[in-house]
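Some structures are shown below for you to check.
The following pair of complexes shares a single chain, subunit A, combined with subunit B in the former and subunit C in the latter.
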Partner chain A sequence: MADLTLTNLTPTPKTTIRAAADTAAAAELGLTFGSSERRDGDLVVRIRPDEWLVIGSTATVDALDLSGFASRIDTTHSRLLFRLTGDLAAKVMEKVCSLDFADHMTPNGACAGASVAKTTCDIVRDDVDRVPSYLVLCDTSFRDYLRGAIEDAMTEFVGA
Partner chain B sequence: MLLVPCPNCGPRNAADLTYRGESHARPDPNTATREEWRTYLYLRDNPSGWLRESWYCSSGCRTHFQIERHTFTGELREPLLPGSKTGGES
Partner chain C sequence: MKNRLPSRAGEQIDRSTILSFTWNGKKLEGFAGDTIASALVANGVTVLSRSMKYHRPRGLLTADYWDPNATVQVGDEPNVRAAHRRLEDGMVVSAQNVSPSLRFDVKAANGLVGRFLTAGFYYKTFMKPAALWPRYEKILATFAPGGKVDLNTPHGYHDKRYAHPDVVVAGAGPAGLAAAIAAAADGASVMLVEHEHEVGGHLLWGTDDDRATAAALRAEAEAAGVEILTNSTVTGRYEDNWVAIAQRSHPMAVERLIKARAKMLIVAAGTIERPYVFAGNDLPGVMTSGAVQRLIRMYGVKPGTRAVVLAANDSGAAAVAALDDAGVDVARVIGSGDRAALVKATGSSTRIRKVHMGDGTTENCDLLVTAVGWTAPTSLLNMAGDRPVYDPSAARFFPGTPPDNVLATGGITGDGTRDQLIEHGRATGRLAAGRAAVVCHRLQASTARAASVDGAEPSYPADERAALPRAPHPEMFRAATHGIVDYSEDVSSKDLFGAAAEGFDSVELIKRFTTATMGPSQGKLETVNTVAVLAEARGETIAEVGTTVWRPPYAPITLGALGGRVFEPVRVSAIQPWHEANGVTPILAGQWIRPEHYGDPAEEVRNTRTNVGITDVTPLGKLDLQGPDVPKLLSLLYTNKWMQLPVGGVRYGIMCAEDGVVLDDGVTGHLGDDHYLMTTTSSGAATVWNWIEMWLQTERPEWQVHVTPITTGLASINIAGPNSRALLGRLTDDIDLGPEAFAYMQVRTGTIAGIDDCITWRIGFTGELSYEIHVPSQHGLHVWNQLLEHGVDLGVQPFGLEAQRIMRLEKGHFIVGQDTDGLSKAPTTGMIPLLKLDKDDWAGKPEVAWVLDDDYPVVVAVQPTDPTVVPEEACQILRADTIDIVGRITSSRFSPTLGRSICLAQVSQEFSEPGTELTVLLVNGTRTTARVMEHHAHFDPEGTRLRG
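Then we have the complex of A and B:
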């Protein structure tokens, strides 16, 4: 049984790329909306129909052709990144978010924008050694509030 | 909880979306009379029955879309993305 942990990974390099469907960047990044994939150690996430997140390094982004209606923004310091891991992580998420975190609805690799404790967040399921794990991204200004809200939801399952 | 089927995200809690109200075609600004503008801006049908309305998927895919909602039963049907003529999968 893997205990619940909440870690702050905010310093991890994060880039947001917005690209129209007909751009080279959109073709290179690919994926279907709502899915993610690891590429050379970076996690590439298609978080919206026209928006991707790249978490890990800037190597994938540096290699992108950003010609046309495409842009990149370094969101490392403007977006916080929490990782919630543990066998009961889905139960914790369900306390603070209205997404369905059942395996068939939110399998490993799935992502979505959703409100978490009433803050607008991006969520990526990114299991660690087969233990359920969720990345939560949000504006940095919500850091203390959001950490408190998730920790509060965790207390119910500690020792369970 | 009202489950709103976003054409991109699928069924989502209405709290994750923003309600934008009844949908009406915008009159042509070159030819519309003052009465037509006033009607477009301020007057609402508010029926008891099916109503075509706009929603914004503010927490999810950040897309505006239209949907039909039955104001009496709360049923929702035919979510439409801008520019599409047929309902998307819910």
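Then we have the complex of A and C:
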């Protein structure tokens, strides 16, 4: 049974790519909306139909062809990034978020935008060594509040 | 515990654990597993409460969750259901709403004038004269039922969670248990909810075999992975099977509200035994047959010594058996379905003494047990749109036709043996699992993030269950005498007859007029009797009268459960740790915790005007705009022109909604090719983002613009004051700050304090030479510290929101939402030159054009005649010597720079000319005068300081 942990990974480089469907960037980034994939150590997330989030480094983004209607913006500083890991991580998420975290509805690699404790967040399931793990991204200004809300939700399961 | 029976098989109490508690100050004992009520009855207590209106003594009636006569105060918690709440060691239990005591309640005098306190008494008596209502209200409030709320009681931990079970089963009797097991066996995730403390329903007070069956079903459910929630209630069913569950059994939380999105809901709520209506039916010692069986078999409590049993069904016979088993002398069993067989009960203030029969005989007793029929608690089905159907042969309502995603099973649908109920439950569980699988398939297939579905969609199973039989039952609702129908609300059958005679001919009307069925049991005990009495009064059938519409909650829910954990998001900037470490007085502005001041806002103003100040303006909304069509977008959103803004330029703009009302304002800078940074007001960031996306996604989808909110990606610091250029110059070497190279309303990008990609623009909200720098937020604190460190000799000091507001008022800059309101159209701001009617189109243009030809209010600068008087914001401005309102003060402060009070105000155009004398009505009721100024700016109207 893997214990619950909540880690602040906010300094990790994050880049948002917006690209129209007919651009080279969209073709290169690929994926279906709502999914993610690890590429050379970076996590590429298609978080909205025309929006990708690349977490890890800028290498993947630097190699992109951004010609056409495509834009790149560094969101390292604007998006906080928490990682919640543990066998009971879904139970914790169920206390702060209305998404269905069952494996078939939110499998490893799934992503979605949702309200977490009344803040607008993006959630990516990114299991670690087969242990359920969720990345929670939010506006950095909510860092203290959101950390408190998630830690409060964890209390019930610590030591369980 | 004089009424405690010897130990018996199946009881739910643990006699090895003795619990001490007090009842109205008297020390008593009970056992673990007792309810408060069972412990009280075990100790010989017969009167547990007083009724709401007549303060009649009341004893245990149903001995379960719904008991209307067992509501008590436990410590600082009012309205506790004593027949349900488990006893705890040290509990302080008392009767509530009695004066001065339960035994001698002076309000029982109401009973003496009861004939005048009929339904509608308050409406009729206290309507006139209307002027006296406040006095009436105070007195009547003292008669309100309920316990005492201690406002100092600590807020307990109330929790909330979401769930997405395939099947929720409401009720864990034999059918509900079987349904849950069968659904789980077919692969469904199942949540089984039972409002009592143990699963098993009526099997718990049945035979040894019944209890063994309940235990086996529980074990089977646990093995099948069913999530069992005892002491929990499904309180409501809403659209698309959104099911609310109040869980009272959580180990950490006082209560937890579970918001379950169930694919299927199975209602297995069983039946509720109906009380009988006759004179004296609320005397202590009158109980339902279920109550005596529960007391004897679950708690080992002897409910009386000599009993009369009115047994119109098998439950009456079962009660007789239980009474025999407990050594209670059963004096007479009235085994007739004849409503005339029992006339009335009489007794003392503490319990029943005698039963009067229809044949003229009487029977002395201290216990009268009634078994006269059942109510099907169809509320959850009704919430799903179903309407119950009355069957006179069975003397109760049954479910009609619920929607496909709601199924009913068990006693609520019919009668039958234990095995029949279980088999019906299993069939229902299988059906629910099959339908849930279809819903699940559809959900998974239509949800982008979900795993791919395997195979084709399963076929939707039809309902082919065999219906449970319906046992014939006599229609036994009321004897020939009048009695209580609604115990919680003290409504009698006589009240209902009277209301019907007054013309309240609909059950919905009579419910509201008499308040029958509106008490804590939410009609579970009362509705059918109310309907039956109304039918009798009107000479109609029960089917013709129908029922009231049941709405959520199924059972009362606490405000704590509804509130759950309190989520109140707050936001802080990257510089917040410095503010907190340096004596800031914070202020909550929207969701933001901001520095209001650091001790003396007036001194902060003086220092900024004299030297240099820095302030944290991170909450300013910031939107990154990229794409070739950004100028078109800006031209559409703002009232002024944007097609020619050069790279490096910054422009101020006002945004209107489509009705011309000011939506927001701010500056936007042209950072590079097809790249802009827009700032909004702090509170308007989300609104403006939504506004832009609305335009781009619905009105101008062909435009190529990407908008990304980056408010807190950039820590924003305003450096203001005569020394601001010198200070910033010490921290950057790649931005030329010279007044010609970097003029007012321009933007540059460069390195500040070693941090690359900082955006700097020259603007002047404070009216001073100032630079607003936007730094990648994780470096914000570093840059803030560098500014303070390098500006000591320049006199740098931080200033807060209050100083900023004073300075902007001195400069006459209006604030959207402060100096404008939800009706203020753009011309009101006075920024007429920015309203470019020669542009093709912009949001709000037609309305603004129309308003310009009308008499709109105007924002003007105002100075009180007495410079020491600072009118409160929102003070009215009146036409002299009248009470005609012609405007209001929108902003006011004492200016440390000018040494006098200054204001902005909205006034009608008639009063907007410079030099006009205004009359201001102060909060204390006195009037003062003020003068309209020539410029909005009270200070430096030429702008020489900010353009320097």
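Here, the second predicted complex is superposed on the first by the 160 of 160 C-alpha atoms of A that agree within 3 Å, B and C clash if a C-alpha of one lies under 4 Å from a C-alpha of the other, contacts with A are read in each partner's own complex, and residues count from 1 in each chain.
Everything below uses one rule, namely that contacts are C-beta pairs under 8 Å (C-beta built on N, C-alpha and C of every residue); 3 or more make two chains touch, one makes a residue touch a chain.
If you're wondering where the values come from, they're calculated on a predicted model, not measured in any experiment.
In the superposed model, A:T76 lies in contact with subunit C only, and not with subunit B. Once chain A of one complex is fitted onto chain A of the other, the partner contacts of A:S98 extend to both subunit B and subunit C. In the superposition on chain A, A:T140 makes contact with subunit C only, while subunit B stays out of contact range. Look at A:A112: by the touch rule set out above, it reaches both subunit B and subunit C.
Taking subunit B and subunit C in turn and counting the residues of subunit A each one touches, the greater count comes from C.
After overlaying the two complexes on the shared chain, residue contacts for A:R38 are found with neither subunit B nor subunit C. The residues of subunit A shared by its contacts with subunit B and with subunit C are 33-34, 98-99, 112. Partner subunit A is touched in their complex by these residues of subunit B: 1, 8-9, 12-13, 15-16, 58-63. Taken together, the subunit C residues at the contact with subunit A in this complex read 159-164, 189, 252, 259, 261, 440, 443-444, 447-451, 565, 567-574, 592, 618-619, 624, 626-628, 704, 706, 708-714, 776-778. Partner subunit C is touched in their complex by these residues of subunit A: 10-11, 16, 18, 20, 32-35, 69, 71, 73-79, 94-100, 102-107, 110-112, 117-119, 139-146, 149, 152, 155-156. Within the complex formed with subunit B, the subunit A residues making contact are 33-34, 48-49, 98-99, 112-115, 120-121.
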